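Same chain, two partners: subunit A is paired with subunit B first, then with subunit C.
Up next is the complex of A and B:
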């Protein structure tokens, strides 16, 4: 059928002319090529590389299930780059961000990394959140030997299962987060915990690290319920929650999260166990949405608080103003456009780590990528301040992971109020390996 | 939880799935039955219904029921109009060629999806249900609104059945489905029937979406699952058969609810797919379909 209709006969489509290449086509091609050469992005810098901008390839979740995160990661990145450029750039060079959409898809993620390395020739790749995309893209970054700075919070970087070119210096990892919060959960929420988590990489971090962390505090996980990431209805899973459950620990992601909470509310009514969740469930979602009243009085982990807190530092206030979010964590001027505040600070902080490492390495261009890797590994601590508004951090160069404080917030009067801040030490753990032993 | 209440909950969940699925799949089945067009963009009409429901219900202030009812009327009409335009501009120009329309509707799928992303955004947005009554059973609570979805869907299915079997429009549609050339020879404006059926199919999907959106939020990627499940239902039930579509939807919905609650959701999907394979092997025309002539 295809042949009969000529679907695959290219000569009929005009893609290939039967008469071959004419002079006119050749001229057209030449003109197009010349046009491309003068187009923006193909500008030749005659004064050598020193004044060309530093190019950061931003692997953004512009479409797919991570799209809400992608949009706010882009806003935060734009604000940080603006601030860095206004202060003179990196090594006296301006920073330019090139964005490619990965569709929140691991396969496309790897392609995007390849595109940055070979086509855009960016200095680094940056900005990925979703753990499956990070895991899918990391081998491509290692192969191209291009430093890959992710803002993902998964444990995969720190597990040392990826490669030497992958770093996570701007946001803590799940294992550390769980470990530092487990004492609070056991002491304040309850001892018998049922976990509900998405059935993929990010969820597995929670599945694997919560039980030992709680056990160390004399509490236990009595049931683990994995839910496929594409699920849109949850009531059918709730009968698996044992009746003796004291705390439901939930970490759902994706657009169906509101349904999850609503259905949990319908199922339990006012007679519910304690709830402890990761705000990942409700990033970019108004906490006062219809159906979420059920969350009142429950607790959430927050990387950086969504709502402005009374004790916010000057740096935190300046950061919020620069990114353009109001006291409720929504876009200034549009209270319905809620940000992904608990995670996106990581983009800001990571860019300042990249700046510091590039300056330490005397970074000049892609030929210095190995030097940049070593300079990043040599970093040990980031002080709280305008460059690190979320709080102070330490950095372990062997596992390419930073450690910092966590916030536990309570839903109260339609806002999230920080009720407990952990210490950096609470989240430290034994390194599982050493990236610096890998060849560059 | 004991077996009885557990099964009750599973059955309730399954029936809600079935109710929405039956409406969506019926739209797909009608379009295939009458026009012989496989509409891959069907799920996107579903998504458009939900997105428009959000837009309409947020634009109208007052009691949530007012906004919801307005959405239930207006959203399907807009979606129907869009489908009609697509049918006139694209499908008709392709002469409803089966292969070309598949490719064209794939294109429509992406265009609609990306337009929704551009103008509506990537967020999942909730629509307030018209009423929020929680039915308190001795073992668990259940949403009264969900039960009303089942009732609404049953009413709509009966209405569609009446239109198809008892009205002149239905007769014309059935005549076109039975043999479009002869129908044309008898003066039936087949082109207009096609346009109407395509719009009606999209409207059924949009209605299903408006019904489900208060419990599942509008999101620009939400059209994919309903599309796949609708195909499964239509294949099992028999293309173009209303009775088959409803029976298959109940079968798939209930088995999905019950199997995924007692075993695992993955197993439910495996069994649904296996069922499709079995039907294709042993009864290619579907459970209630008639063999093609």
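Up next is the complex of A and C:
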């Protein structure tokens, strides 16, 4: 029925004769047209516009320093989209994910956001982890007026220094995480804390937010040791650790972490202070790697537990199965492919927040992006369940940031066992601004 | 190599500027935005080319000049609340002063030593950005607020975040630098620079103060790169330490080598080529850097003097 140009050829339907339109054929045509109008196929055609998939631009760290995270963020996103689509999609429309690699580079990140907005014409941009890429890309999102849902855990969104189009509704920010660790550290690990952190922004978050949080709990930071990012050996820094130290709080990141732990073990032997760290250092790294034995008995922050726990909820079990991680937090069928479990749940949960906000806004297309922003800002809480398997969360629409529970896990028998779950209230702080006052 | 008449040379360059102007009206939205970014970075490459192409000094530290402009302009707005014109001038001034200081020190060396010294200075610059994170934002960088990126000209105000204004601003900067570069390389001073590149000892014997001439070239080169950095901060709203990393010292070298060293239009061609290869290939595979690498190898094999350099060598000897 279609001509060579792909257009529907009425002359081949019998509705229009080759010799011209007669009264009889016109009446037949009207009847046939009425029949077509009520036929299922016609209904589908007329709804084609509103049934087009929701397009989500996934700004992925496929290459560069964030590649290990990027790969697992993609897996989690694919699993969430599959689940959302199987349950009917968003507003009855299927979800399609378009991936662009940002190379974990802020310059390329901004270009990728522009590409999503103007070439792929996606409805939103989603999924960025590394803080410098988020901050570098945020202006492009604000200028294109495209909602930008990041899964970064950085405090940059909640600082209200970005813009109204940037949200972080699926993972608690680092300021809140640190603050919520303080009560447990002071009560269980020790009152005199020495911090060892990388001498760049990720380390500075810990440097700046931990001391006041500990002070509020009657503990104190007695030394702060910043290690240059170019350092590859750490032994020379360890004599700076005061002897009265009861807890070493470490947040080293990158490949050097294995050397750091090994050298710390050699320095202290079996008589060491308590160790507390953030699992960021060891995401996608097997906790049983050679050299990490020294971590046995130490504690870590985890956003979501890497290892399956005896009291895992049904939602947590279903989430792990959907994403494809085994009880040890590695890919099913490949025990060496360790996931970034502590963070990647944020992709799953963010997509369900997007779904909820789009449904609340009656989102139809890019013309409704402002409505989507307002609908997201209007959200206040997410209950624990299949959509939020990590746990319940509150959401502050003024600072575009969610707050959830955190886990403290102990390294025991080569596994991470959750020994404490914080309360949401432990991580709440005064808002530093209000995005809703900015123009859309 | 024959030389084009001034009219022919300027006609070609004005034609390129006219083409870029016309493209503003026909390019799809995404490529419109991308070309604005490319023009700003092509200015960076032109600045690099001034030193590498015409004087033969291979620097691996030009990211510091770009970074000086980027942070000079960005921090003038973020920390001091200054307006766009002043911030832009501060960025350029930072680059010029830094280039003068680095030039005075680094030009005591030549060849590989010059390469290493410039790289070390750039590394120091990069680490200083991290060290003074309280003001610079460290490795995360900072956003230049959108409301501050408005150029007030009397009763008129130009929003630099508007795609058309941004494109035209980038084009204006690119055009100015292109014409200034052309004027320099065609001038007596430009010939002295080429003479230094070809045989510094002979140039000295002819009575030229090669150190002063080279120092001037470092300052001009650094100032142009800083102008690019300042424009980047103002037009794209982000200042970050990754732009001062060694990667951004190597990129302009690649762009210039690809387009053709010591050609006035080569930096633009090289930047466009590299950007589009990355943009298109990354849509097909995450191993796009492999494709970029293969493209570079093929170019070195078949266009050893870069695209425009080889064209000049084989067919159009008059190209400036």
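One rule holds for everything that comes next: the second predicted complex is superposed on the first by the 387 of 440 C-alpha atoms of A that agree within 3 Å, B and C clash if a C-alpha of one lies under 4 Å from a C-alpha of the other, contacts with A are read in each partner's own complex, and residues count from 1 in each chain.
Methods note: contacts are C-beta pairs under 8 Å (C-beta built on N, C-alpha and C of every residue); 3 or more make two chains touch, one makes a residue touch a chain.
Quantities reported herein were computed from a predicted structural model and do not represent experimental measurements.
*Asks:* Could you say whether A:267 touches subunit B, subunit C, both of them, or neither, answering first, second, both or neither?
*Replies:* first
*Asks:* Have a look at where A:417 lands relative to subunit B and subunit C in the superposition and call it first, second, both or neither.
*Replies:* neither
*Asks:* Does the superposition put A:82 against subunit B (first), subunit C (second), both, or neither?
*Replies:* Neither partner.
*Asks:* Taking the superposition on A as described, I'd like to know which of subunit B and subunit C A:258 touches: first, second, both or neither.
*Replies:* A:258: touches subunit B, not subunit C.
*Asks:* Would you check which partner chain A:139 touches, where first means subunit B only, second means subunit C only, and both and neither mean what they say?
*Replies:* second
*Asks:* Based on the superposed arrangement, let me know which partner A:63 touches: subunit B (first), subunit C (second), both, or neither?
*Replies:* both
*Asks:* By the touch definition at the top of the document, which applies to A:317: first (subunit B), second (subunit C), both, or neither?
*Replies:* neither
*Asks:* Going by the contact rule set out at the top, does A:154 touch subunit B (first), subunit C (second), both, or neither?
*Replies:* The answer is second: A:154 touches subunit C but not subunit B.
*Asks:* In the superposed view, which residues of subunit A touch subunit B and also subunit C?
*Replies:* Touching subunit B and subunit C on subunit A: residues 63, 228, 230.
*Asks:* What residues of subunit A sit close enough to touch subunit C in their complex?
*Replies:* Against subunit C, the touching part of subunit A is residues 62-63, 100-101, 105-107, 110-111, 114-115, 118-119, 131-132, 135-136, 138-140, 142-143, 154, 156, 161-163, 199-202, 204, 228-230.
*Asks:* Please name which positions on subunit A make contact with subunit B in the complex.
*Replies:* Contacts found on subunit A: 1-2, 5, 63-65, 67-68, 70-71, 227-228, 230-233, 235-239, 243, 255-259, 262-263, 266-269, 284-285, 289-291.
*Asks:* Using the touch rule from the top, collect the residues of subunit C that touch subunit A in their complex.
*Replies:* Touch residues, subunit C against subunit A: 28-30, 32-34, 37, 127, 130-131, 133, 137-144, 146, 161, 236-238, 240-243, 279, 282-283, 286, 288-289.
*Asks:* Using the touch rule from the top, collect the residues of subunit B that touch subunit A in their complex.
*Replies:* Contacts found on subunit B: 1, 6, 9-10, 13, 16-17, 64, 99, 114, 117, 121-124, 126, 128-129, 132, 134, 136, 140-143, 215-217, 219, 221-222, 225, 257, 260-261, 265-266.
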